[in-house]
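The same subunit A turns up in both complexes below, where it pairs with subunit B and then with subunit C.
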Partner chain A sequence: MKIAKSVEHPNYIQVFATFAKNSLIRNMMFRTNFVLESISSASWALMNVGFYLIVFEHTNSIGRDTGWEKYEFFVFLGTTWLINAIVQAFFMPNAEEFSELIRTGGLDFALLKPIDTQFLVSFRKVEWSSLANVLFGLVLLAYGVSHLVGRSTHPWQIEPITWLLYPVFVFCGVTILYSLMTCLAATSIWLGRNQTLYDFWFYITNFSRYPSEIYETGWGLPLWGIFTFAIPVLVVVNVPARLLAQPLTPRSPSEWALAAYTLLATVASLLASRWVFQRALRSYRSASS
Partner chain B sequence: MAIIEIEQLSKSYRVYQKREGLSSAIRGLWRRQYREVDAVRSIDLRVEQGEFVAFLGPNGAGKTTTLKLLSGVIYPTSGTARVMGYVPWERSNEYRRRFALVMGQKNQLWWDLPAQESFRLHQQIYRIELEQFKKTLAELTDLLSVGELLGRPVRELSLGERMKMELIAALLHSPEVLFLDEPTIGLDVVAQHNIQQFLKYYQQQRQITILLTSHYMKDVAALCRRVVVITSGAIKYDGSLVGVIDKFSGSKILRLLLAAGQSSDGLERFAEVESIDLPKVVLRCRRGEIPKMLSSILQQYQIEDVAVEDPPLEQVIANLFEHAASDSSNQVSL
Partner chain C sequence: MILRIALEERLVYRGDFALGTLMRFLPIITQIFLWWAVFQSIEGRMAGYSFEDMVAYYLLSMLARAFSSMPGLASTVARQIRDGEIKKFIIQPVDLIGFMLLGRVAHKIAYYTVATVPFALVFFLCRGYFTEGWPPAIVVGAFIASLVMSFLLGYFIDLCIGLIGFWFLEVSALLFVYMLLNFFLSGHMFPLDLLEQPWRSLVDFLPLKYLAYFPAAIFLGKIPQDRLAFELAIEVAWLVAFIGLARWLYARGLRRYSGYGG
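After this line comes the complex of A and B, so read on.
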């Protein structure tokens, strides 16, 4: 008896909705924890903004003639928060859990289910309290953009196409970070345990938090090269943020090339993460019961 | 065609050989000794549709590894296996929709949520028709009498209740093949009995194929006609449960009730004395010598009653395992 093709695959959107719902019920169950987490991430966000306000007391611009003045940079910061908060809400809890599943042998059950294993492992949990940061990122973004549009000298207009491209590149950024995180998490299959996951993640993504111009001189160049082409974390925030923080025209051809490269890098990272994940599963030994 | 066909299936692991002490731990940082552990060695097995087969063996014998191989959770080192025509480790959705694995030591339900939320998720992942899902769930909760527990967070359930929920989760999609890895471990006698009864009933109703591993002889005796004994990764016996005794126990137990005033002196000449609690005496002797020995004893002693028995199954199995453990050898390589 042959089952129709449509029946072979579960409805991924519906399954994801149930994951999100179950996570919400779970988050709500530990109410105080939920509130505390939201407060703690909100205060971290405020401190972060405070820090950059102090920086801009001392200087007008991040780097000379880079175009990253205070409000442009707030757009950058808003984008950083937005992307990181999305990653933290959807992928961080799952990557941590993945390590744990491998160590305890709980991955067995994920492998039994008639559903894509990478999907199941990547989307099982949603950390709803991190969505507060998404909101915060959006507020910061709105604040920065409204100042740029409303300022008296060189006010600029945002073209409709920008509003279309921005989400696309935010999505690309999230996907690149997701892929990187999946590759890191998958190494726990070979290492048995990967506690440095968090640290390593922090070291690498730290480079994505600043405008890429600051790396484009002197000994910063090799860093720029590595984090653009080998581990493309520099394009994650830079490309969408630049799109919104600077007028669409004029742009140098190199910027368009970088945008095109970002699309390519997104697809490549996703494929790489899938490859690493599949390889890792082949080596899975399953902890003894 | 057999529903499960296993040929020459092997699985070995390379494990880091850790030595004692700090200095060797430091040496281990750059020079490690690995040991090749053969968890499963070239197993051949055929199981027909509708069979209920038990895997018996001491800890580390390879029972669980075999079930994991058949579930496609791990890849074999060599050999082939087919379950309902599928190669398990290809992990096709079609195959995964048709079998289930339950592990007594691991749980798959969302710990903080009521079991019904996990069941709902299963319904979506396995694409079970809603009507069918409701019907199956009602039937299973009724059989296991856990209906009122569906809304309670899993972490608040007792071990026995949780195991029942795990079983329900595994059976919601009506698998045709079921692998049970120590489903009654750690349960009290009542809970064990309930699960046994349920499994027996369910298997008879549905005529599904079940492979079970368990350390409880009661499980095995109650459920399985066919027993496969695995020790050190290899199959040592495949047949009926009573056959285990015939094959692995060369001895018989002889119970004597001596007549009043009859002394038991000298009985040790005939056979090994297990216990003396006058007027009862228990002797153990080789199977083939029973008739000769019995007639000599009956001639020389006043006997009221005689019973010849097989040694208890548990004892036979324990001896079998001990025997296997002493001659098992794992290759050590540097």
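After this line comes the complex of A and C, so read on.
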């Protein structure tokens, strides 16, 4: 008992800062590669915007009476890129590495460290080049918002509270995606190897990339239910984007209910990921050597 | 012989394969919902497409992509050039271009023997979206011809990029640009008819449209029947041009090739 108390807890923030610094150094070692990767991820983003520009040539909103017009939707798209880029920068490389650690038995070393294992394996690497897309998302956001505020017919009034809540819900979105990714990565302990991790991730998050109204029809409803309540990826982008873009004025009361639910879902999914991770660790048997 | 080896190699993991093919239709589901919402707000047609046409278009372009996409071809060729593995084609009486082509044919045949089931299933479930039913026989013929040619065109374009490896050794950046343009301009992402002028005409001049848009457009009757022969002839011309380019690159490349590695 005494020994346990005397063990000093590491300063998690400091440890994370060191991880981030090391990753930056490693990224900067291959500078051309870094630039190329930034460009390539940004060009995917640009292509995506191009697609929606074409769509909005032919229609003025996505869905009838949903209020997702061009600039509102740019805010949505900007939020999507922002959240996804944060996840890709901080968690994607770690999730991939985690599967590899399990396969090679390298996880042993992580388990021995006097630090929370989930923290260690989820924050070890930072992929700085993905932050190009964070920047891109912010530009798109600024562009959309400035149009909405500056337009002549009912310009948006953005209340100060919105600016406060938006980052909170972006953070919630990132946390939900992180939890999902941790759960997916942890399954590789049981499966030995998880090649389809990437695919599966792509297919699931694909559902989060569109306004939830598009699922409000016939057989879209079960999908809406599953991806709101069972795997809450639909609220990830929708809640913060809706908060900022305000496609509907006045806001419908259900928006606040959904926002409150998002907070709940964030906590629940974080706990779930913790539980899955620890269950998975218990069945870990070291490999090789 | 080459065909058989490749076939057997592919059929080892057929279960995984069929499932993977089905999974590939998943992103289309969200696309369909998106278009449904868009069509709700415009009430009518968009650039000549109804909602049903749009769904049918995505399914057909998916089919065309299954013919024309050559995963890993260019990077394999470039790698073989880099590690010197390509030497075996110089000393053996086997032609690289022909050998690789047969390998790909086998790959596609194997792919289809397994993938037909999920493809047929999805098309059967979505038959309601093909409002016109089967097009006339001549159109079906042109459709099949365009699919076969999209396979060949896809193969030769990819091969050319790989063969550029004789000069640059590393083609991944080039390949990425090609992939990006291909995704956007082949019609994989959206029907090319949605583009405004002058982009529409520009895309019409590029060979990329034959890889996804063209077969789907034929099937949906977007191309008038009296123009079919003409359009197909242009595709043949592109195909011949790329075959010529690949031959020329290969011949020139071999001459400056120095055979690295052991």
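By definition in this document, the second predicted complex is superposed on the first by the 279 of 289 C-alpha atoms of A that agree within 3 Å, B and C clash if a C-alpha of one lies under 4 Å from a C-alpha of the other, contacts with A are read in each partner's own complex, and residues count from 1 in each chain.
Heads up, the rule we're going with is that a residue touches a chain if its C-beta (ideal position, glycine included) is under 8 Å from a C-beta of that chain, and two chains touch if they have at least 3 such contacts.
Only a predicted model underlies this, so the values are computations on that prediction, with no experimental measurement involved.
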Which of subunit B and subunit C A:Leu164 touches, first, second, both or neither: neither
Partner chain in contact with A:Val55 - subunit B first, subunit C second, else both or neither: second
Which of subunit B and subunit C A:Arg282 touches, first, second, both or neither: first
Partner chain(s) touched by A:Lys113 [first = subunit B, second = subunit C, both, neither]: first
Which of subunit B and subunit C A:Asn206 touches, first, second, both or neither: second
Touching partner for A:Met47 - first (subunit B), second (subunit C), both, neither: second
Touching partner for A:Ile13 - first (subunit B), second (subunit C), both, neither: neither
Residues of subunit B defined as touching subunit A within the complex: 13, 64, 68, 71-75, 91, 93-94, 96-97, 100-101, 103-106, 108, 110, 112-113, 117, 120-121, 124-127, 153, 181-182
Subunit A residues touching subunit B - in the complex, by the definition given at the top: 3, 7-11, 14-15, 18-19, 22, 25-26, 29-30, 104-109, 111-115, 117, 120, 282, 284-286, 288-289
Residues of subunit C defined as touching subunit A within the complex: 20, 23, 26-27, 29-30, 33-34, 36-38, 40-42, 46-47, 173, 176, 180, 183-184, 189-190, 194-196
Interfacial residue positions of subunit A with respect to subunit C in the complex: 36, 40, 43-44, 47, 50-51, 54-55, 57-64, 66, 199, 202-203, 206-207, 209-211, 213-215, 217, 220, 223
